[in-house]
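Chain nomenclature is as follows: A, B, C and D, assigned in order of appearance, with residue numbering initiated at 1 for each chain independently.
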Amino acid sequence: MAAPDLGRIVADIYAELAPRIGEGEVADYIPELAQVNPRQFGIAVITPEGEVVTAGDADRPFSIQSISKVFLLTLALGRIGESLWTRVGREPSGSAFNSIVQLEQEAGRPRNPFINAGAIVVTDVAMAGHSPREAIGEILTFMRYLADDEDILIDQAVAASELATGARNQALGWFMRSFDRLDHDVDKVLGVYFHHCAIAMSCRQLARAGLFLAAGGRDPVRGHAVVRPARARRINALMLTCGLYDASGDFAYRVGLPGKSGVGGGILAVAPGRAAICVWSPGLDGFGNSRLGGQALEALARRTGWSVFG
Amino acid sequence: MAAPDLGRIVADIYAELAPRIGEGEVADYIPELAQVNPRQFGIAVITPEGEVVTAGDADRPFSIQSISKVFLLTLALGRIGESLWTRVGREPSGSAFNSIVQLEQEAGRPRNPFINAGAIVVTDVAMAGHSPREAIGEILTFMRYLADDEDILIDQAVAASELATGARNQALGWFMRSFDRLDHDVDKVLGVYFHHCAIAMSCRQLARAGLFLAAGGRDPVRGHAVVRPARARRINALMLTCGLYDASGDFAYRVGLPGKSGVGGGILAVAPGRAAICVWSPGLDGFGNSRLGGQALEALARRTGWSVFG
Amino acid sequence: MAAPDLGRIVADIYAELAPRIGEGEVADYIPELAQVNPRQFGIAVITPEGEVVTAGDADRPFSIQSISKVFLLTLALGRIGESLWTRVGREPSGSAFNSIVQLEQEAGRPRNPFINAGAIVVTDVAMAGHSPREAIGEILTFMRYLADDEDILIDQAVAASELATGARNQALGWFMRSFDRLDHDVDKVLGVYFHHCAIAMSCRQLARAGLFLAAGGRDPVRGHAVVRPARARRINALMLTCGLYDASGDFAYRVGLPGKSGVGGGILAVAPGRAAICVWSPGLDGFGNSRLGGQALEALARRTGWSVFG
Amino acid sequence: MAAPDLGRIVADIYAELAPRIGEGEVADYIPELAQVNPRQFGIAVITPEGEVVTAGDADRPFSIQSISKVFLLTLALGRIGESLWTRVGREPSGSAFNSIVQLEQEAGRPRNPFINAGAIVVTDVAMAGHSPREAIGEILTFMRYLADDEDILIDQAVAASELATGARNQALGWFMRSFDRLDHDVDKVLGVYFHHCAIAMSCRQLARAGLFLAAGGRDPVRGHAVVRPARARRINALMLTCGLYDASGDFAYRVGLPGKSGVGGGILAVAPGRAAICVWSPGLDGFGNSRLGGQALEALARRTGWSVFG
């Protein structure tokens, strides 16, 4: 019964927002991202029953950037379980994603796994003694498995561009190193970090990869357990409180769904029990979140009544 | 069908935690609160269908303290609607509830309505030109209406004690005043603020008063609309991201429900569509949240499956 | 021999800077100060030998504002000696004069006696159990004694204006109160504070009052010891490192003399063994220091070779 | 006439402090420094007339560490003059020497040339397009010239040790790089930085090298001008306001002389017109300054009356 409605809702939202395609500023902090055509907009919604609804550029790969942090976190929790939280907190930071201030005040322990410093620690954990090359391979394998799609690739030009311009992340890495917070060399951790941020995926692929978070930790299509239900809930909780940087509170207020954004213009959102959603449009707002993407999710949550808050 | 289960679950949780009654530190920052007997523990759960389940000291009034901020916010939104957000943000602060640092960096605009500075602004809005006496009367009337109980009172000894010892809140008030962020005199706003924090209610009364947040903005018992559904959702969202100070992320992770704590040892939690819950035990953890209360809510969310995150 | 040179130097500096009278912004944070005619400029230099050289509006009283902090510090050190430093630090703050951030990070203990928070603590010490009225009287008596002039008055309109608009100082006072850093009521301490800031003195009077700092702690004219030589040295040291707020380093670099500025546009400077100097012009630079006053002192130090740095 | 007094004073101070040799904590942040024997103490005083007075271990080379920043600043000012101040400030930071907080708040521009971040920028300027090897050679040549001693060397073990453990400085470098504040590669700048910090000199050599700062910018022994008098004054001013990290205010208060400390336990002080002084003892106080060294300078300034403050 939901199927026709959902198709209609997504199509309506796309049509309503289409005139605004191109709004916002494309991320320019690395050259490769700055070259992306801003006039792109895609939506993909996948339900636990396997229904897939898409609109616009839903099959065009884009740089997932920080959205990868959700999957890295999943991997790292799989690696060392709840002991991860001795190395990174799970509180909103109240600061910009690349801020170093709090890190100094809190002895190099990042506030949560979704700010850059936290994701660097999570990457360090996920490496678990592997070489950077092996670690990157494993992450890519995990993404392909989750998305059920062997065609996912790392955009090497983006990875190289990040490596060449990632001075701020170098600073974060070295700063944590000075507090003995990293097991591996800064260069190696950042190498892996920049590569998983440079994975290119489409809305359809990302929604598919995130479906387990909407389905109690299981891949409902293939019937595999990815994580335990409690872990899926907890990752969703982290996405809701920390997933959109220092606009997380606003996103919770307006949309009411766990989400994770990336400066490539994608946002992965989870409606527990209902659907995994991915929207993408490169133009960003002042917080580094996709402007059209946020609008689309707000409209979708309103029309479907999927907000987790009633 | 849920009824017997819920009664069993609450009874079990109470029984399991009873041996730990007295854990934690009673708030000592005002003399009146410091005198409270720490060996108290109550739980009340109320469903939209009107079912009420209680355990322990669920009918003993305690100082609601910061839990009042949820109701003040409801009043202030009723007064001036979404324009409230020009005066206060809706982001987690990443700082302690009484921090003034961020306030200086952000020109006197508090991060959210649940830190002290934000609640002082919300109080200023809720006063709306009334005298302090009238404003306090109106707030009390609102609480009695929501709880459907005329016996709710302000503990004047607590209010006087807060007034006498509230230097930090005075500092916050004057600081915002220096940025022209308050319409009323600092003394008057704080007078109202200290009084609504000093309202005494039981778990049963608080759960009843918060029931509209679990029921789409309606009082499902009397059939009144308190706020529109979207507003109830949004207040829940704010509770989830900001309701337990700088342990909000952890509470979302462990419990997965919107909540608001007070240093009196109470926590009001909302399971949208399912129940309003109030737990109370005076012993606090290091973040100023009830230690046993948090444990009880974690157990309750786990056994009922009420987490909003799946 | 120095006499004719000094007269010439001061006259030259006045003549060179006269075309720029009116530059800068008059302090507008209290109404009374905002009304001051910006087109005023005075210089007074007094040597230990009793030579007095003046130029321009050197005999017109102006609001000494923060310059009073030097004399309050002298009083407070006389009251409780070096134990004062348990209550206030003696390091540059690296922050604006009215910042509250550091105060939170350092448990309410101000960095030095010349930022507002520090001067409020110093005022609290100088009160020493007196009523505000008595304390204000004593401070005024001290200023008249030092300046050897009974005609010095407090500008009551300025004091009242500060009291009415001093929300930021109220915040600082209450904040320190919350850390138990004040012996007296916030209102009383601020009453005294605002009154001593509102003392009106001329360049001639201020230079005369500060002469003991240039003369090893003695009033060389009357032959009285005001403070021990070591104390005079130390007050000079504090003026040099902290006297011009967060432009103290720049002032030391350009001028090379201990100094203390006020938002009324005055700057008192000390050339140890050589002279006490007061310049005044109401137009301020971005740090709240007299623009023309700073220029005049830089020129004076260069032409006299009075820099303490060689 | 001063000569015999000075000899007596230095001998007395040494004798009085000798029983306390070994107090304080030897810097342990790099392994090579941690191995230094703490039971060493030297004093050297050199006057513009060429008189040299020493006591204790005045001829034993130690790691000059941050004292090198004074000489790097001299070089960089010689390179690009006052335009240096567009790249680094000249205000006390109010923060620890290795803090990164202020750097974030001020867009990567360090507060002054004596905190680590500032010294890294100054090193970048001093390199001026040279290879690291050439730059290091030039600095060493400059130190040998100033000290009039060809035997000064870089302790390669210390330099290597700093390079291996300098994560915090790496973070500072990369952080500034992210704001485009460095002309050269972070690795190269830090290579030079670590090498000039690893220069080994004795008290006698350092006092000799700093003599120009006490003599109006001239080497009074050979009669060479090193810098203009105004520049010597200004470097002295910077040393006084910023030379002992966040204990600079205290040092000015107690000693009253421009100074620059290093974590190797040395302090270079300047009494303009009177003498250059170097003290050394490896045990540090909580701010990273030589404990015995500070005591010795306080006693010396008191007995000679050399304080710049009268």
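Keep this in mind: a residue touches a chain if its C-beta (ideal position, glycine included) is under 8 Å from a C-beta of that chain, and two chains touch if they have at least 3 such contacts.
Worth saying up front: this structure is predicted, and the values here are computed from it rather than measured.
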item: Each chain counted as touching chain A and chain C at once; value: B, D
item: Lowest number of touching-chain links that must be crossed from chain B to chain D; value: 2
item: Gap in Å, rounded to a whole number, between the CA centres of chain B and chain A; value: 32
item: Cα-centroid distance, chain A relative to chain D, in whole angstrom; value: 48
item: Contacting chain pairs - touch in the sense defined above; value: A-B, A-D, B-C, C-D
item: Contacting residues of chain A [partner chain B, same complex]; value: 89-95, 102, 111-112, 213-216, 229-230, 232-234, 236-238, 240-242, 246-250, 252-253, 256, 258, 270, 272-273, 302, 307-310
item: Partner chain A, residues of chain D touching it in the complex; value: 99-101, 104-105, 167-168, 170-175, 177-178, 186
